[in-house]
Structure formats: structure tokens, C-alpha cells
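By letter and in written order, the chains are A, B, C and D; residue numbering begins at 1 in each of them.
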């Protein structure tokens, strides 16, 4: 197997290109790979299509940093804080840049990524019926269910095939095989649909550990392009069994990003002035340590023996 | 929570009706709930629609016993043995009864059950293109992908919503919550799409055991109608970590079912003359014990702690 | 008995959940309502979370998002978004709770754009799962603060469909279900008649019809059987306060 | 070197797998071929199983079905059928191996009905995943015993599409890919020219063109560069026999 372990900066540099459609976390509010969001900003990637069901404040940061031309998502903001100020500034007055928004619901995004993952030409969905999103997102196509009598309306959702999916996992081996537990959101669909997959691993483990439990593998290692070892790379979002959520950090971001100048100061403090995530962790210091989950609530044993 | 633990005979009697569409195992070759197949035969259920991607020899047994009017599946036979003799007799000369076959491929059946699970009115599929199954299964509908230019053909697959899915799992609690590991086939889709779900548990465990690991839950307990405690209920099919496959049993079935009279003798010996699965296990005796997996290959620990 | 306006809302929301029902509970107020319902009249209700979780008991510990570790620990099901919302899309979810920036007299909800879509005055976060829940739940319950700018004649953008233009419009659009209740801090509105227009159904104690009307952006009609919203019972309030250990809702 | 006809077929099949490729390997002969390929020229090939498994190393132990416990232990991925076959449907699988009761001169395969569909002379088991693999793999490799009743002018029922009626018919049906090789116990057939008709490409040692032709149900054309199939190398045979501990294929 090919060793895919590289530094995060190298993975972002090599595998995320200007104009790419990028999924940064697909589990909604947990396991958001903020370390990758920051690195994308540091490297000044441009004109990205930010694809996500929710991804908490990650999309707002990218927009404020001027990396985004297009948002394909169901919800952009700051989940515990409220509205996304950068999202508002960009959508309301083109600051720092105009963005185009392709509105989705969670389910339509799920089906778009499922279509991308499974090579379906489109998926007919009912839950968009009656919503003005059918007009605001020109990719949706109203149609009639040909099996229905009397005819019933449906909305056809075309596939999404992101150029890159960045997925944070609690543990991975150097070859791209990884374990995931807790809610998955759209992480499986996003990883299977993506052209390239970057795994952010909280811990790098021996291949035997991953192979001991193929049922925890959300997407296979052979679909993974690069593995990066980034402890707490999801901060301030939570990761079950590893890191509690740093809600105060989200709130602070929310307050400081209310004005553009405040956001730029925040960005400088937490992203631009820091060379990498190691420095970010050092700046967090004891605050990060306090978020570490130290308790133990182990899953009941599972036996894969064959004989 | 409602206690759903009942005897298998009672579950089959209460929840499987003549004419029902029934999934008996959806993991292809492992975890096939043969104990339920036998009980359906003992209770003389009629006119069933046997829905399965493969289900090894289970469908062949049901057909031979005269329980089946319709087969909706991708493959019917005896995986290690070869052709399904009862299937052949029914399809070739209406013995014991004429059956109608609705041909599927594995992927089209997957999409039909996914559509049933997710309430999609249909799923457009490419992998049926060029196959004569598009003519032999009148439910498939050739169409054109409206997003394509030049126009590309697709085949529309309508949803399957089985009346009942019978799913074998290594462990469950009395309330319908269950764990599954190893390949899942279409078990998740079938259980989510079905009107009623009967769980055959190799072991009944305390609710805490299941709750310790919600990631092993393939379908939620609140969707389960009945739980039956049937150790080795999958025999002769395998269950990872529990039971090896009894290939000799499949081969014996294949040999003896070559002629109708031989099948009837087999059926009498292994199904009709036995009151229940406990008696079946007793007849297997030491042979069953020899199939028990006694080794240990435990999955690496997983921590769900929140603090 | 003394209770806050939000406690009244939570208890009213809890009463919308019948025993054994499967409900999208979202976060905060409806999540607490789910806990109250489980602890009182609906011990077998099941809560769904769009991120891919289902729970019997509400989480032990404060949640800021549905993906927080306490919501994962001891869950009934940890899976993907598609599996959970697929249950909804297949018509297997009894009720869903959503909030919104604006709601109109037919229960349509906007969480997308205030003002012109191309140049919005306010860009709101978007649907999340709200559109799906509004379209596909058997019953929708909306929770909103009762302000004139929020309860409007007609929303500028329908993120989540209610009865659309009223009458049979929702059915004609291909949807069953629809809003069953709009719970505000002053009252409960419910659809009535063939038009499916929201009517004032019950008023929370301490509020008046005139005040409700004054704070509603359309000529609100009153149900003929208008009543007071039953205040929280001792049991309901006790259940709520056992969950709300830090007094967030008091 | 002494080897069996089946060993020749396995080695020939192994050579169809390039290093790093993702391949549907099925059971028995192709599964052993995958093991040989991994052990020789394709150490980074990945094997897929329709039941919902992916493996790097082939299973340790004899398999009677792909769902047998040894195939689960140490797998690279244990998931659902839809996820694994979804990769295929999305065009992300390089090659697939299938067998069949009948194959015709354009590589179409029948595993459904011999004779009239309504009243078949033989009801075969059906597609399983074969139709999907034939339609959506980048390259299809068929494995079949070389008998006149199996290699027919035109199959009575196309379960798994090859080049259909030849030429552009497959592309016109909306499909890319197509059969790259048909490996029999006598020879290898490959499609040639604009018609995509199967031609005799290489003959296994010990067999003759006349014999192959005699056992083929259509007027088989021969490729101008007809050659002998290179017999199993020492390394190939050693790898195979390490896997085939019980001598099943000898």
C-alpha cells in the first residue's frame, strides 16, 4: 500500500486547487476539519465552491477570507452563535467578494452527494416541493413522476461530485484506512463522491487497528488521496470520545466577526499569524487540554473471528 | 419501551400474511434467517413475493414448499451448490406452482429498496442499460436523462416496500435494538423500507450493550416489530464471529433437492417433522457445535465518552 | 405557579408530541420540549436529529449542537443524515419542529432571504433540514417569537412550505401534512377551515387577543372556540426544570 | 512445467488485473486470480465483493461464498451492497470478472433463461451483480468453459451486456467499457475492430485453432497476431499454489 501520510500544508497545496468544489466536513456540527479550513485560508485558495450541509462556522470563515465564489449548501452560519456575519456581508453587499449561493435542503444535498457517490444521473426528490429553493437553485428541475397516476410532481436533483472532500476522523493508518464513529452526516457520501479525499486523523494508528474493524470504515482507504495527522484538527467543533465542543470559541468568533475589521483581527490572530495547526494548538494551550475527553465509555466488544 | 420479544412462531404467525412481500435476509450469503424460512413453510404461508438480492438457498426452499407466487430478486439458487432445483422446476414446469419472476440486478434491487427506504418515487439507473431484464421486468421503465445533452438513456427503477423484512443479527435487546457487523448487503435498506421488521437475534443482551454502540445499529429499534431469540437461526449460512458456514448442508440440500421427491423428503426431515428451531438444533447436534466460532478477533476499542 | 414565557412555549410544544411518535426535535426549545414530553405523557416518543442520530432519552448534559458528544453517547442510532432524513422523506416521521425568521398566515416559513433574493437585505442561514421537515412530516409545529416583523402577511421567500397560498395549494404542490400549530410566546395559532389559514386558537395566560393581533402582521382571525392555553401543570413544570438544571429557560 | 487447464485460466485472469486497480473479483476462479495478481505483478490491486466487502489481501482460508467469515476478517471495508456497487455504477471500478451459462460473439452473457422466457427450458439463477458489472466496469473479463453450447452465435437473453449487436450498439445503449477478454479453458478471445466482435487472440498451449473453432458456436475469426497464451511462469504458478493449498485447481 502507498504511504499517504503528509503534512496538512502539503496536502492542501497539492490537492486543493483554485476553483475547486470542496467539502470541509460533512457531519454537520461535529468533526469539522477546521485545521484544513485555516490552511486553505493561509494558502490563499480562491474561487472555491464551498459544499456542505452545515459545517458550522467553517464556511463563514472561508467566505470572510475571500476564498469562496460559490456556496452549495443547506445552512451557513454559526450554529451556537447565530447568523454568519461574513456570509451576510458577502451575500448582502459583496464584501469581501460577491458569492453565488446554490440553495439546498439537507435532504436534497444528501441526494446530490448520493448521486455523485453512486453515479446516479439525478435523484427525484419530494421534499423540495413547494419551496422557493426550486427557483433559487437553477440546478433543480421540476418534473412529473412517470409512475404516478394521477401525475405527481417531483424535483430532480442532479449529482454533486466535489473535487475534494476533507474528512476528519478519530484514527487512521498511514495508508488512508480510517475509523469513524458517532453520527456520520454526509461524510460517507461526500467521500465516495469526491475526486480526491483528504483525511485529517486525530491519531495515526497501526494498520492492524483499522483492519480489526472494517465496519467502522466509512469509505475505503483506496479512495483516500492523503492522510494528515492533525490532533484536535476539528477544534472548536467536537469529536466524540476525543474533544468536547469549544462553544465559547464559536461565540467569540461570532462577536468578533460582527464587523469586518473584527473578523480580520480574529483571522490574523487565529489563522494568518500562525504557521500551522501546531502553533494554533500551542496558542490554545490549556484551553485545548481542558476540552480533551478523558472519560471512558467503551463500545461493547465485537468479535470478527472466522473460526 | 415496548417489550417485543416473542417466539419465532408467534412472530411469523402475527406478522407475515399470505401474499406479503417478504425479505428473508438481505446480506446475500451470510446472516440468512433460515429459521424464519422454515417457520414460514411450517405455517404454510402462501402466495408470498420473495424479495432478496440472493439469500442463498432460502428462496429455493420457499418455492419448493409452495409458499411463493412471485420472486423479486437478482439471483436464486444455491450459492455453493449451483442451480436452484425448486426454482427451476417452478419456472420451467410450474411445479409445485407457477411463479412469476421479476428480474433485478443487485444494483437495481439496491436502488429499489433505497427508494423504498427513503421515499424516492424512483431511481434512475444506468447499469440495466443493454440488459434484456429491462423487458423481462415490466416494472422497469426506459427513459432519458433530462439533464443530458446529447440525450442519454437511463432506466427508472420504482421503489420496493416489502411488507416484512426478516433480519438476522448477532445480538439484540428485547426492545428491538440490535447490533450488526460484517458486510450488510441490503439489510439496512430492506429494514428501513419494510412495513414490519422481524429481528432474529443470535443472542439477547441487555439494552446497555446495544446503547453502548449506536454505530453498530443498522436500523433503529423503533422500526422493529418483533424480536425473536433464535441461536444459530442462520444455519446453514454463516454469521461472522458466531457461526461458520455449513457448506456440506447446502451441498446435501442441493443433491437431495435435485428431484422433487428428494426435496420433499429433505423438507420433511429438516422442517416439517420438527416443531421448531430448537428441535432443528437438536437434530443438528454436534454438527452445529462444530460450526460454532470459538476464536476471538476483537475489534479495536472505541470510546463514546462525552466528557 | 410562576413560569416564564419560554417555559410556557416549551410545555405547549411538548403537548404536540403524542406517545410513541417519532419526531424531529432539532435543538434548544423543541429538544427540551421532547424531554418534557418523554417525562410526562409521551414516554415512548423517539427523537430524531438530522446529523444522523436518534434518541430515546434526551442527552444527559447541555447541548449546544445536535452533534455534541453527549447527544452521541447512548443514542439509539448513530448513522448518516440520509438514513434519518430518508425516514422523513418516506413519510415515517410523525412531527417536526422548526423555527424561522418569518412565518406567514398560511404557515410558510422563510429562513433564506429577507428582501430581494439577488440583493438580499438580510441573508439568513438557509434551510438546513427545515424545508424537508416542513414538506414531509405528518405534522409541522413552528416555534417563533411573536413579533409583527416575524408574523407577516406573506413571506418573501418560502424556504419551508406551509399551506402555500392556502386552500388546496399545498396538496396541489404534491405535499401531504402541513403546519398543525404555530407556538409563539403569546399564543398558539392553528390552521382552520378549507383555506388552511392560521387562526388564533389559544392565548397564553397574561396575554390578550388585542395584544396578539397588534403584534401580528396580518388581519388575524380568531377560532370560534378560542381558549386560554392551559398553563404548565405542576408535573410538566417539574419535568422541565429537572431537564433545565441551569435555569436557562426560566 | 506441469499445470492444469484451470491453472492456466487463473493465471490468464490474473494478468488482466493491473497494479493498483480496483476489481470486482467474485468467487472461486477470479478470486484466486486476484490473489495471484496481488502476489505477483499487482501488489496494490483491491478486490471488491458485491455483498459489501473490499479487501487488500485475499482471505486466509477457504471461501465457499463471499460472505464467509474469513472474507470479513481483516477486510478493508465492511459496508453495504449499495456502497460497493455504487463505486462501480459511478465508473470507479477498473475491471470485473463474471461467468455465465452462455456468451455470444459480441460478448453478451446469459445467466437468466435458456429457451423461451415465459416457458424456459432452463431457468438459470439470474444476474446477481453480473449485469451491473458488465455494464459499468471499465473492462469486463468473462470466464467460461469452452463448449459449443456455451459459446453461441447469439444468446437468447442478454443478462449482462457485451457489445450487444456489435459495432456502436453498446455505446448507443449508453454504455462505456465492454468485454476486454473472454478466458476459456482453451484460449482467450478479445474484441477487435469496429465491429467489436470477439476474435481468437491467444491459444493455450496444447490446444489448436481447429479445436477451438470446432467448439465455438459461431464462425470464429482469428486475430492476425494470433499467438500462444504465455504459459504460467514459475512465479505465477508458485503464487497460485501457495493460495491453493488443497490443490482444488490442480
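As a convention for this text, a contact is a pair of C-beta atoms (placed from the backbone, for glycine too) under 8 Å apart; a residue touches a chain by one contact, two chains touch by 3 or more.
These numbers come from a predicted model, not from an experiment.
Asks: Which pair wins on C-beta contacts, B-D or A-D?
Replies: Result of the comparison of B-D and A-D: B-D.
Asks: What is the chain whose Cα centre is as far as it gets from that of chain A?
Replies: Relative to chain A, the chain whose C-alpha centre sits farthest away is D.
Asks: Counting in whole Å, what is the centre-to-centre distance of chain A and chain C, each centre being its mean C-alpha position?
Replies: Their C-alpha centroids are separated by 28 Å.
Asks: Using mean C-alpha positions as chain centres, tell me how far chain A is from chain D in Å, no decimals.
Replies: The separation of the two C-alpha centroids amounts to 39 Å.
Asks: Averaged over CA atoms, how far is the centre of chain A from the centre of chain B? Could you give it in whole Å?
Replies: So the centroids are 36 Å from each other.
Asks: So which stretches of chain B touch two or more other chains?
Replies: Residues 111, 119-120, 125-126, 152, 154, 181-182, 188, 212, 215, 240-241, 244, 293, 297, 304-307 of chain B each touch two or more of the other chains.
Asks: Identify all positions of chain D at which a residue touches two or more other chains, and write them in rising order.
Replies: 53, 68-69, 72-73, 75, 78-79, 82, 86, 89, 136
Asks: So that we know how the chains sit together, what is the shape of their touch graph: line, ring, star, complete or other?
Replies: other
Asks: Among all the chains shown, which pairs meet the touch rule set out at the top?
Replies: Listed in label order, the chain pairs in contact are A-B, A-C, A-D, B-C, B-D.
Asks: List the residues on chain B that touch chain D in their complex, please.
Replies: The touching residues are 27-31, 53-54, 56, 73-77, 79-80, 83-84, 87-88, 91-92, 101, 103-108, 110-111, 114, 125-133, 136, 152-154, 181-189, 237-241, 244-245, 247, 250, 293, 297.
Asks: In their shared complex, at which residues does chain A touch chain D?
Replies: Going by the criterion above, the answer is residues 1-2, 116-120, 177, 188, 192-193, 211-212, 214-215, 217, 219-223, 304-307.
Asks: Would you mind writing out the residues of chain A in touch with chain B in their complex?
Replies: Counting only chain A, the residues touching chain B are 111, 119-126, 141, 143, 145-148, 152, 154, 156, 158, 179, 181-182, 205, 209-210, 212-213, 215-216, 240-242, 244, 293-307.
Asks: Taking the complex as given, what residues does chain C use to touch chain B?
Replies: Those residues of chain C that touch chain B are 22, 44, 46, 53-54, 56, 61, 68-70, 72-79, 82-83, 86-92, 136.
Asks: Across the complex, what residues on chain D touch chain B?
Replies: 49-53, 64-69, 72-73, 75, 78-82, 85-86, 88-89, 112-113, 117, 119-132, 135-136, 157-161, 164, 170, 173-175
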